[in-house]
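One structure is given here, and the rest of the page talks about it.
Going in written order, the chains are labelled A, B, C and D, and every chain counts its residues from 1.
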Amino acid sequence: MKTYDVMVIGSGFAGMAAALFAANRGLSVVQTGATGGIDFSTGFIDLLAVHPMAELRVWEDPFAALAALRRDLPTHPYCRVSDDEISLALQEFTNFLGQHGLCYRGKAGKNTLALTSAGTLKPTYLLPCTLWNGIEALETKAKTLIVDFHGLKGLSARQIAEVRADWPDLKTARITFPGMGGELYPEHMAWSLADPARRTELAKIVAPLAIEAQYVGFPAILGMTDTSAVLRHMEELLGRPVFEIPTLPPSIAGPRLRAAFDRGLPDLGVRTCTQKLVTRAGFSEAGFHFTAGSGSTSVELSAQSAILASGRFFGKGLKADRHRIHEAVFDLPVTQPKNRSGWHRTAFFDPQGHEVNQAGLETDVALRPLSADGNPFHPRLHAAGAILAHQDWMRMKCGAGLAIATAYKAVASLQF
Amino acid sequence: MSTVTTRVLIIGAGVTGAGLLRDLALRGVQALLIEQRDVNSGASGGNHGLLHSGARYVASDREAAVECREEGEILRRVAPQCIEDTGGLFVAVRGDDERYVADFPSLCAASGIPCRGLDPGTARIVEPALSENLVAAFAVQDGAVDPFMLSLDNISQGLSLGCSMRRNLAAVSMEVTGRRITRVRCRDITTGEEVLIEAELVINASGAWAGLIAALAGAHINILFSMGSLIITQDRIATQVINRLRPPSDADILVPGGTVSILGTTSIRVPSPDGCRPSVAETDRIIDDARLMLPILERTRYIRAYAGVRPLVSLGPAGDDRAVSRGFSLIDHAADGVENFLTITGGKLTTYRLMAEKAADLACAKLGVSAPCRTHTETLPPSTLGKWTEPGRGPRSWVESRTEDDIVLCECEMVSRGVIDSIIDEAGAMRGRSMIKAVGMRSRVGKGPCQGGFCGPRVTCHLYDRKMVSGMQGLAELKTFTERRWRGFSPILWGVPLMQADLQEALYCGAMDLEFGPPPSTLDEESECLPAKEQP
Amino acid sequence: MDFFSIGLTLACVSAAGGALWRARTWFLRGKTFAQSGGKGPGMARRFVGGLADLVLLRRTLRHGPARWTGHMLLVLGFLPLLFLHAMDEIITRPLFSAYEPTLDPWQFLRNLFGLISLTGLVILALHRITRLKTASIPQDWALLAVVGGVLVSGFFLESFKIMSPGDFTRMTDDYFPEAESEELLALKTYWARENGVRFTIFLPTAPEITELGAELHEDRCAGCHAPTATAFVSRSMTALVPSSFNIADQGGTIFWYLHLGLAFTALGLLPWGKFFHPISTGANLLVRGGSRASRPGTSSLARGLGLDACTRCGQCSLHCSVSPIHKVLGNPDILPMDKLADLRLHLDDRLSPAQTASLVEGSHICTECLRCTQVCSAGIDLQDLWTASKKALAEEGRAGVDGEMRKSTAAEWARELSSRKLGRIGSTGAGLADRAESFWGCVQCTTCTGVCPVVAVSEDPSRDLDLAPQQIMNLLRMGLKAQTLGARMVWSCTTCYKCQENCPQGVPVADILYELRQMGADILRKKEGRA
Amino acid sequence: MKYAYFPGCKIAHYLPAHGKSVEAVCAHLGLELIKPEFSCCGYPVRQESRDASVYSALRSLALSARLGLDLMTPCKCCFGNFRHALHQVGQDEKLKFRMKNFLTDEGLDFPETTSVRHFLQVLDDNYGLVKDAVRRPHKGLKVACHYGCHALRPENITHFDDPFAPTIFERLVALTGAIALPWDLRLECCGYPLRGRDETISGLLAARKMAGAKASGADVLTTACTYCQLQFGAESGHPDRSIPAVLFSQILGLSLGLEPENLGIEPGEAWVRFAV
């Protein structure tokens, strides 16, 4: 049986990044993971925007924020990666996405405030180019029309306009999506816009409403995998810059990323075993032996080293029963509050965030998970992404960035 | 500042106040019902929704047992729409008190409560979820009642007979001159407007808050607060009510509520009726205990927990001798020097009608009204107000008779936009601090597995589209709603619910940054103890 | 009018009339089907092929020697008997002036052909008993019985005639009236010894008397009577009757009636069921022109003929691709042989609603694999009949489970079914849809609907599909199965499994939709009185 | 190599070319195909009865088990249903018991050992063999691979290839010298299962896929499943077939140097000109 150089467990941002980085370095890679990872992403690549959480302090310069964070929180996973590594990681990652039709953009060394489906502004570092015109429109408070659709739940242009009282020239219109009725789902709308004729129909409806506007914003439905082409076409048809507003996950941001990796990773020689969760993990000095999936269809995989990027609870990297939190694959020790009473705070929106979100794996400098005795669990087992302890990606706005950076570091620290 | 005049003022729109409004209305007495928050936001909304057969009390409180039996029969007759006549089982497992088991049938007989013995095997065929360690089982006539529908139907008949009601109107002070309450000063908690109410007679039906209200008139009631927590399972684990066959204790009862089951309860002394919430520790205690009777409870998925506060009127100097029954307390405050002031509190959901009847009798005696009570004979007309609170009703009517392009906004419980619109239109101005919360209280929105995670933002969008909210208000109300759900959600977060919460925070904070921006309304925080009504 | 002419007349009338009626159905039944244009192979090739199939029974040969030999022997033996023996007055005598049934070669040949056909018949009977017992119905046995009866009774008739002293006396009275008593005695002696007539009186054995007998025989009888020994079967059968019995005369009479009676019955029954197959099947073989494939161009007459050509040989059902399904569901109409029979009845409007329902199920379970058409020894284009009838049934509004479910809206089904108990509440259920665990994982993300290609292409999902996948899952979670069963989403699911594969929480969405369809089928089966 | 060959029901009458080309290719590669008289795979009746479907599948599996051979089918639906049947009996002891009784009735043993392979898997198993056998590689034939749902999903039952990023089909196409283009809808459903049930949606699904394949710049859409081919091919009678659908066995056959007529390729099939 073939022994791979590295086994990547997980298919979220961290897992995909780890597989990509390892493959780019000429390593033979096998990857397992379930849907529910990358598929639920918002598409934003946050780096770091909030610190300290309790003060809800928002930083414009993520690297300044990183410096402060490294000073205040010595256990935070970001303390394991340098700014250079972060930059290189993000570059390599977004280059790959670019090659597969997903262009990303941001302000060098600065966070950008992006419009969310709720109308709130979210600080992030890199964002899909299809959103970029929206940033300009927002920053210049330009005359802008935001369109939404009958039957598309969870995105109200009117809400955005109400919440963005600071943007008086923001106008809204609710229209019927051509060729579809009743309840609409972003993915289906996006697929249907693969057909240029459908785009023309859409533009015909929007054009008369957009006469005043300098920019036109749509919910994120402009194409599935050929987004930039669809966007360009809509701009031609409407004669003005067009942008997308992300809808609530599961939005099409996830499937877009998934498609890019499903296409790109096999091309790089990565063997993927999607929907096969690791059911047994054995290891020796020599390396690892995994059983992925169960029953007659399970597969045996061996690898010299492994990167654990299996995410948190929704990603199935961590499991919680009524009493404890467990790590799903190796049952590694998980840093966590004494008992369940300590997991969550009494207020959902408590600015300090919930303790349970800081639970996770302790690692050494090479991101190797530690066993109870404080030594690395295995010399060639590394961890990356949300499963790491002492971080709250949701509140600190560091999800994708942390995942990609730690994946980069984990791959860089692989030794053979 | 406006002034309202009414013959009788009822404070507290729990099920007792609602029943009282109807009782008086049927006797031709005009009354006004005020409620500081919303219907059933007290213990009336924070209980099992169990229509007692009485069997639970056969050993501890025979009088209460008989009351339950009689009232149960009456309610089945006059308010069938609010009752699911599930029947019930009393079951004992290995290790339970065998003497109690042995005495049970004769005790039931003594209180005239029908009770049929089953062999454990049969019981487990009827209810497969029951434990293999079953040693005894008896069938009784328990049922499930929808307290929210019950209150709303009572109120709506009261209104139809010329009485009136105001929500979000809190009594803040009372002017007492010459042994009479002349005026009650109230504040609208939504608008802050002051309202003066002049009434011939004031009836305090504010349940756990009765002591605080009585104090406004200088009267004193010695009330102890006992908090009880309950948990809701995602599935209807049993078709019937399942009671633990032992002296009344914690985690004894599992009541089916449409498509879910409700497990409880506990009893903890708390200093005040406000600010209480179910805790992780209590939730675990309930499960650890009840799983002996129903092992599935260890594995099954839970939706949320909630708590209610029972008012226990202690045998203090104040008017115990006048108490009609140990089940509940009817107090004439003449003894405290206030002639036109009554308090009715304590009791059980099952006996709410009797409490209303007794209070109304006394009130009528004081008012010199001779009309007799009719609530035990007159059937309670079903109203549209309460119908969307019944689990499974939304989806059924949506599938069977939906209008074109009426889309579903709450996926878990399949509450459609049309239903939400009808609720918004009825709720009108009396929205409280959060329109979406008012909607949640009158429908299944936010009651399903997602606990508002997905339906919250969707309904909020709709409220903006309908111009019910503007500016940041919608977001603030969404956050208020979320915090309200969180109270019940946070104690059951392990396994899948934890994933659900993980996903919700990723949406709210990871994607929408809702931890920024307007804070949730805190007024709810300090004053509301109970989650929106949960039972069928 | 005597027995013979009455019997014959009746038989002929019934045969002729019935044959016409049968032929009529060929025209009527075929008409029900839509025509499908198309050209088959050329006329000439088809005729040759058809003839070859007919004469050499090529198709039957494909199923092994037994049935073929049986048929061949029966036909080779029976046809000569029919023409030369049964119809001797019309055919044999005019052709051969010297014809006498008691002269050779006729007497010998009659026995020979009789024996040949009897052998064939026995082979066929054995084959049916061993291979086709289960598939056989009374008329299969009836045909064997009647034909066998005719043959056997014929032999008995002859052997009794041989033994009959009565016949001997009648003959001598007619052709040797002037005989002296000792001459008669001599002749009797000779016939008793040489030709096996059984006299009750004592017969002398003196050589001079036998010589006289021989002379008299040569002189008086030999002209019309070959030695009965050449009737080798019948003569040897006389051994079956113990010499002590003197029942030859009565026996003769009985078997005369039996033999003719059976022959007339056979003739009369000719148009009835399988008795007709020598004709209908023959005709069909000719029309099919030797083709083993299914021809689109089949005309309605050819279809009518095909419907009528089944010999119930059972080969189609033995080889049917969906026989395992028949084994499980037990509906006889799943197998071709019975389906064809019921299809005929359906076309003649003689099926009860329940039977029709079974036929519809059978018709829809057929996978049109062509196998029955290839193995059919009657050369029936079953493939064409199946597809055509499936189409016709659909046009009558009998489009199978799917069609039935689509007749009512989701709402109507919900109302009809909500009264029933469609599975248990709680965590212990028969199927995935009943098991609460199936839905514990669901976090309401609606991914299943997001990836559904059916929802994606439908113009207005809530209108065209009633429910989206995640809505079905939610209804089932709440135990509202009745509300889901009629939803077109359930019936228009293309079973691509994207929902199940994409579900982050492992909810078996597609398997559950499958289960709902199976449940719908089950409900209909019960409703339509099928078990 | 020796396989029990399960053509499935539709080939004989509706798609003889598939059987012809698959058999020709296997013969050429020296893969011996044994042909017992199989019954239906049970896929069609799966809509109506679980037991009937599972039993149909098991009976055929039992037949190939008796021959001691793996079962090979060129149809994705047959493949999928065989895998499902095995999964079902693996999950449900009661079902397995019922099935065993049926089998015993017919004098068959429960197929404990037999494994099911799809034609593409068999080719992939013999990758080297095929590679060396290619004589006339295609020059510049651009194909869009259609994977076919029932083999691909659910992976934990069918165990065919990665359900989101499969590579087997492209790998094999590359062997023939043709170019497999990436396209968005390659894993989507052909819509055949809705034939005669919901023609509208069935047609829309097919049209959407063919349009997608066309847009990807492919010369042909290639299938490796009887049903899919029936849905996309000339046999479908589909009005707007924007791109020719070709059986992979034919594409491969040509590259092996087999004559078109031996692969059931009708004279004058337009796509062949791309192939040479």
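Here is the rule we go by: a contact is a pair of C-beta atoms (placed from the backbone, for glycine too) under 8 Å apart; a residue touches a chain by one contact, two chains touch by 3 or more.
All of these numbers come straight from a predicted model, not from anything done at the bench.
Visitor: Give me the set of chains touching subunit B intersected with the set touching subunit C.
Guide: A
Visitor: For the pairs A-B and A-C, output the one whose chains share more C-beta pairs in contact.
Guide: It is A-B, judged by the count of C-beta pairs in contact.
Visitor: Any idea how many Å lie between the Cα centroids of subunit A and subunit B?
Guide: 42
Visitor: Report, in whole Å, the distance between the mean C-alpha point of subunit A and the mean C-alpha point of subunit C.
Guide: Result: the chain centres lie 70 Å from each other.
Visitor: Rounded to the nearest whole Å, what is the centre-to-centre distance of subunit B and subunit D, using the mean of the C-alpha atoms as each centre?
Guide: Whole-Å distance between the two chain centres: 60.
Visitor: Centre to centre, by mean C-alpha position, how many angstrom separate subunit A and subunit D?
Guide: Roughly 37 Å separates the two chain centres.
Visitor: Please list all residues of subunit D that touch 2 or more other chains.
Guide: 154-155, 163-164
Visitor: Could you list which residues of subunit B touch at least two other chains?
Guide: Within subunit B, residues 405, 407-408, 454, 499, 503 contact more than one other chain.
Visitor: What positions in subunit C touch 2 or more of the other chains?
Guide: 443, 445-446, 462-463, 501, 505
Visitor: Can you name every chain pair that touches?
Guide: By the stated definition, chains touch in these pairs: A-B, A-C, A-D, B-C, C-D.
Visitor: In the complex of these two chains, what residues of subunit C are touching subunit B?
Guide: These residues of subunit C touch subunit B: 410-411, 414-415, 418, 424-428, 436, 439-446, 462-463, 466-467, 470-471, 474-475, 477-480, 483, 487, 505.
Visitor: Can you check the complex and tell me which residues of subunit C touch subunit D?
Guide: By the definition above, subunit C touches subunit D via 293-294, 319-325, 327-329, 361, 365, 367-371, 374, 383, 394, 399, 401-402, 453-454, 457-458, 488, 491-492, 494-498, 500-501, 510, 514-515, 517-518, 521-522.
Visitor: Can you check the complex and tell me which residues of subunit A touch subunit D?
Guide: Contact set of subunit A toward subunit D: 35, 194-195, 224-225, 258-259, 261-263, 265-266, 272-276, 293-297.
Visitor: Considering the complex alone, what residue numbers of subunit D touch subunit A?
Guide: 86-87, 90, 154-159, 162-165, 167, 182, 184, 211-212, 215
Visitor: Which part of subunit B faces subunit A closely enough to touch in the complex?
Guide: Spelled out, the residues of subunit B in touch with subunit A are 277, 279-281, 284, 287, 405, 407-409, 454, 457-458, 460-462, 464-465, 469-472, 474-475, 479, 482-483, 486-487, 490, 493-495, 498-499, 501-503, 505-517, 519-520.
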